[in-house]
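There are structures below to look over.
Common to both upcoming complexes is chain A, partnered first by chain B, then by chain C.
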Partner chain A sequence: MADYKPFSIYDDDDEKKKSIQIPEEMKTRSGDLDLEIEDSPSRDDEKTRRELMNQLGGQASHPLEAAAEHKPSESLEKTPFLQGQSTETVEERVKEIVRRRKETGKVRDRRKVASIFDKPIEPDKPIRPGKAGWHPLSYRAQAFWFLFPALAFFLLFYLYPMVQGFDISLTHYSPLGKSVSVGWDNYNRAISDSLFWQTVVNAAAFTLISLAIGFWPPIVLAIFLNEITNGKGFLKVLYLLPFVIPAIPAANLWKWMFDEGFGVLNSILQALSLSPVGWLTDPRWALISIVLMFVWKNTGWFMLIYYASLQNLPEELYEAAELDGAGLWKKVFNITVPYLVPVMWILSIIQVLITFQIFTEVYVMTNGGPMHATEVIGTYIYKTAFGSMDLGYASAMAMLMFAALFLFTMVRFFQIRQVSR
Partner chain B sequence: MKNLLLLFLLAGLVFGLSQFLMEKNQKDLEDKTITRLTLWDLPPKSLPLDRQVWEETVQRFESANPDIKVEGVERQYQPEEFVTVMAGGKGPDVVKVWVGAIQTLANLGFLEPVDGYLKDWSQTAFLKPVLMDSTKVGDSHYGVPADSYFLFLLYRKDLFTKAGLNPDNPPAKWDDLVADARALTHRDQGQYGLGLVPKTWYFQDFVWQAGGDMIKTTPTGQTEAAFSEQPAVTALDFWKSLRWKYNVLQPDLLMPESELLHLFALGKVAMILGTEKELPALISRYKIDPQAFGIAPLPAGPAGPAAHLSGDIYIINANTTPEKKAAAWKWIAFELDPANQVWKFFKMRELNMPVYPGAFSSAVTLTNVPGYQRVQDAITTARVEPHVNGWPQTRDLLDQDPLEEVFLDPDSDPQRLLLANAKEADADIFTKK
Partner chain C sequence: MENLTPAPNAGAKPTARGVFSHQDRKKASTRLFLLGATLVLILGALVTLAPIVWMVLGSFKTPAEIYSVPQTYIPADFNTDNYEEALRLVEFGRYFLNSLFICACVVAGQLLISSMAAYSLTKLRVRFAGGILLMFMTTLMVPFEVLIIPLYLIMKFFPFGPDLNNVNLINTYWAVILPGVFSAFSIIVLKDFYDSIPNEILYAARIDGCNETRVFFRFILPMTKPIMSILAVFSFVTTWNSFFWPLIVLNNPDYYPLVLGVQKLIDTGEPWNVVMAALVLSTIPSVLLLLFFQKTIIRGIAYTGIYG
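Up next is the complex of A and B:
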């Protein structure tokens, strides 16, 4: 059962025991400190506190005043709640009550107590009461206004087209407003369309192969790059270069390299007296060839993310490990890799999302051929929408893909959250 | 000083605003008397000569029609762009679209029927029936053929000479094609006799040459696939033999036409199926002597010759205003008028531009251009793609399953493949449409 934890890991136990010093001018006032609306106790909090104190048989005075008048009693903190009836301490009881209130929505989650938009604290200046409600020009509202353009962009160019797409997916679409509603027919058609399922299998295969081939190289490269002292900048640029090249020229470049008759790869094979391979024309090789190109293109970018993450790894961990006699592999597998695990989780999700939606590379290199061996959902949707002009069916397939990826992302995020707890 | 500056700023603002309002008024006034016609197909600045011809044509048109103002847009028909702008109500008033798209675009309601205009046009009688058939959907015509072209055998005369073949005697029959392709194939030198892309676009010509057809209509009016019948099987068997028995095709069998053209221009492939329209671009891009290229009708099959008619069709946006539709027809009639076509021909010659017959209106059929005599015969045997619902999907179906498979699998069975695809087309495409 998830427990409500109102305390931060940065809490200092010794600090808690000290009495809180309240300025004289504040002691004379009956209200709270009114630091900021987010930081001040709400009515719910106050109510909770009063109820709690009533149950404890104490006075329901303001906690800060109480703190000023009475030192917190360690014995009270550790006293079993309602002696003789329960073994719970006061602290545990408080936690339990607050947790219940939180579950019923009566107490807000107040773990987020500070923001970059908080007013700067000026120690010499008396703290003025804050505004009680949200104001569009308030200091904290700036966060909203900074987010607004991105939010508006998202709503206009992502959410709205998505909703429209869903609407279109329920019709036999005509761009001139003569669409005929067909209910879920397009979805049923997709489910019974063998080619659609083949594209799903191909996309899944592409994802798995690219994960198998492309997951570790960026990590290894990042670790090496982190270790070397000279030429780091040059190597970073070198590895990132494929990612910077736009997808279409990069795909064309590889297409010619993979060319069965004139490509450099087959020239090398022939120089070694080996038979040429139909990299893009043999159904057994075509998908793998595109994956190779994809991995080449994206490894640098993933490497850079891992490398950036490694910059925050405390060197003391390595030093301590060395003192304990750890060798290279032990340091890598017991310090570096565990440190990168959260990044690996996130990047694996990104990798799956990108590969499942792959379009440009496939479209340019094989256009889904040979014999649909590289037909992925993206190319099939494109051909259906603009080749056959069947926008309703294409939208239905796009919606199914969106639903699958959304579900996958949610599950993965949930798993990550569970693991991090 | 500050006040003075403010005054100047204010005066500037008032002046600018008044100018803007005056110009707007003038434009509004013009708009009431002038019809603004939006045309795509304005050649890009990278093709200055084409652009010059286009702009001079527009000037001559505007002089002849002072109540119409043409606004050119540097954009050509692309399915995804065209559908998007049309759906958004921002489509052009006139544009040339690929003939293969007419059926779909007409069904979507984008195209204005032009039967009314054709009835009164002086050139209608001169249009060949096969050309007009390509614009017909149901009982209506939805455009006028503009740049018509046919599928030909393009070949490298220099490679023919090098191989000891007569460059003026290109293959006339399938057997000749095989013999010449074998003589021109030198795998060790990276040279291949024939470039062929496994697409229905090319395959249907071979089916016609074998005496068959791609689709048929039953007595009840139902469309059915005909490509499982013997002529289509014969054609696909022939394709398979080109790949596996004679091995005369380019190594990358799935490369798109654009790359095949590249290999053709580089002399790596001696013969390809293409249109004469592609030659001027190759000549200018690769700086090749035009005399190095030969153009010939497609080799005849067991049932005789058959060529594939294609090209661009002038269409009028069905959703524009009646005034603009009328102005759009004026532009089409002006552009395709023999007087303008002759002017264009001489202008292109004057500017030393490569000239190909398809660049001119089919109404005047300027196929008497020296060096292209062979083209004249093509129109007599030319055929058009099926114009029925579901054909684009059927074309896609055939492209990847039977056509690619015979190129990739030496053990493939053309008859079985075509039969399976015909059944699928009948069940999933034609019966549902």
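Up next is the complex of A and C:
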């Protein structure tokens, strides 16, 4: 019976027994988390040690050993092994072997490591979440990574261009490097530019005419479509056709139909023995012609929106009105139309925004038109920026346009916010 | 727990009652009125359709017919010479594939990015979610004219080229695809939709051991198929029809999308009968799209109409 005392097989154990340096972020307010490595060896450690002892000592195996596995340290004290060898050297040799094995990765350090859960729970203190540093793989960061692509595209293709656009509008931009900062000159120039004001007037006229021509037809058609029983789907598709086809074919088609010499509209007028109209060549008519095309393209779309809104009209309203003896017109003008008023507002605002931003139709049909009668802000900016390469002035005009539209866009913005609440 | 998949609420009721009650509908006067309504609708449809019919008719006319002063309304002979000429002049196949590629990239990127962002904003409770959403919504206020000039410059000197040098993206597909990928509109629509998904489904999935990526791809995306198809069709149509931005950044005919290619053909001053044939050819994909996806498009207009 040797006076064998269990020893750790890890040679750096003594150092680790000293109190552990706790990293900053794990420290609590009181800052006194004292953790030690527990020195009771695990069963795996015990196994490793005994194997090694067997190899070194030669006669360490003992019949009781298997039974005694539950209390290894006790059994080891009783085990008569390692006679004739000093404990010191065996310990040294075991540690040496373990060290070598650790280096080759055959043995893992299985000692219990410090854990924050070792801290005794103090019931009267509230548990606070630790202030961990930002880590790219944490839960919070995961939410961020999901947002990241959209945020990156937003910053790169919306926010940065906007700031940049304002920056350019303050310079006299030249594409070959040297742009000179000119302060608010571009804005002053725009304000004193009669052509710029012409575009504003044209856009306003465009909006007013398109509202005058195209405001009621979709509503009337939607109410009619809601009444009839057969062929609804077919009619819906037919009405949507102009909305879906691209603006290029549509605008070119109308350009040909508006043609002064060979257009079908003048042909019809002549058949009715009326004098032909220079639809796109007469400054008085050019804007109206484009509005006609615009109304043709959008009526079906607007009609479907009104129609969808009518689907949600509660029928109790009609029933109550009928009980009160309301006739057809009363029902239409006191129930149906008031029900559509919010949608009317939304679509009017949309129409203002669309008509102010119209470009393709005007570019194709008149490109600013006879004597700038159909010049809109889009075509003017396009000509200024990419025709005469005056990017600074074009940016300033775009910014002014933004400001002019701001009121409408704010209304629109709050509409959408209300919807998405 | 019968049906957890939320559906777009608009158009949920199949048929709403009209102004006329069921008793009224049996009256002769109502029938007359309904007949009148049908006639008005058919008249409107004819007016809507007439220009398109005119285009198709024009595409079959000979130059002599199309340039006759009292217009010949019906071509004497439906021959396809104009189409052959148009196909000879324009590389329709190439332009069509260009358009298709651009649209596919934009739609795929936009849907993925928007749904991820919406998921993060609603269900993962990313920090400053409200502020970020507000910021995204403000982009709806910015007219495109404000962006074109700086965007053009960004594309010309794109700062993320190889070795972080500037690279010129003008005349590449990237110039058209990249600015179209972010869409605040899709994010807002999806965000509204995600808000209606009960959190318990996600909790259940997480307890079963799904990480967020898996929850997103296995639960959220399949659940939002209806709204995703709507958004896909709409962004496809928007991208397919877009003309202003490609006109600015693409000068090389190899990269023209369909509408730009057709417009460039028209700008060369071809006779109008050939132009009409080209217009018909460029219209066909959109018409087919409408026919195949009419339910989605109509539902989408009902659902997203309020957003505009």
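Basically, the second predicted complex is superposed on the first by the 251 of 421 C-alpha atoms of A that agree within 3 Å, B and C clash if a C-alpha of one lies under 4 Å from a C-alpha of the other, contacts with A are read in each partner's own complex, and residues count from 1 in each chain.
In the analysis below, contacts are C-beta pairs under 8 Å (C-beta built on N, C-alpha and C of every residue); 3 or more make two chains touch, one makes a residue touch a chain.
From a predicted model like this one, the values you see are computed outputs, not experimental measurements.
In the superposition on chain A, contact of A:308 is made with chain C only, not with chain B. In the superposition on chain A, contact is made by A:388 with chain B only, not with chain C.
Look at A:261: by the touch rule set out above, it reaches both chain B and chain C.
Comparing chain B with chain C, the partner in contact with more residues of chain A is C. Contact with neither chain B nor chain C is seen for A:269 once the two complexes are overlaid on the shared chain.
Within chain A, the residues touched by chain B in the first complex and by chain C in the second are 261-262, 385-386, 391. On the side of chain A, the complex with chain C involves touching residues 140, 142-144, 146-147, 149-151, 153-154, 156-162, 164-165, 168, 217, 220-221, 223-228, 230-231, 233, 235-242, 244-250, 252-254, 256-257, 261-264, 267, 270-271, 296, 299-301, 304-305, 307-313, 315, 318-319, 322, 328, 331-332, 335-336, 343, 346, 350, 353, 356-357, 359-360, 363-364, 377-378, 381-382, 385-386, 391, 394-395, 398-399, 401-402, 405-406, 409-410, 412-413, 415-417, 419-420. Per the touch definition, chain C reaches chain A in the complex via residues 10-11, 13, 15-21, 33-34, 37-38, 40-42, 44-45, 47-49, 51-52, 54-55, 58, 66-71, 73, 112-114, 116-117, 119-121, 124-127, 132, 135-154, 178-179, 181-182, 184, 187-188, 191-192, 212, 216, 237, 240-241, 243-244, 248, 258-260, 262-263, 266, 272, 275-276, 279-280, 282-283, 286-287, 289-291, 294, 297-298, 301-303, 305-308. The part of chain A that touches chain B in the complex is made up of residues 174-176, 178, 259-262, 276, 278, 280-283, 366-372, 375, 383, 385-389, 391. By the touch criterion given at the top, residues 79-80, 83, 86-87, 104, 107-110, 190, 192, 250-256, 263, 268, 319, 392-393, 396, 400-401, 404-405, 408 of chain B touch chain A in their complex.
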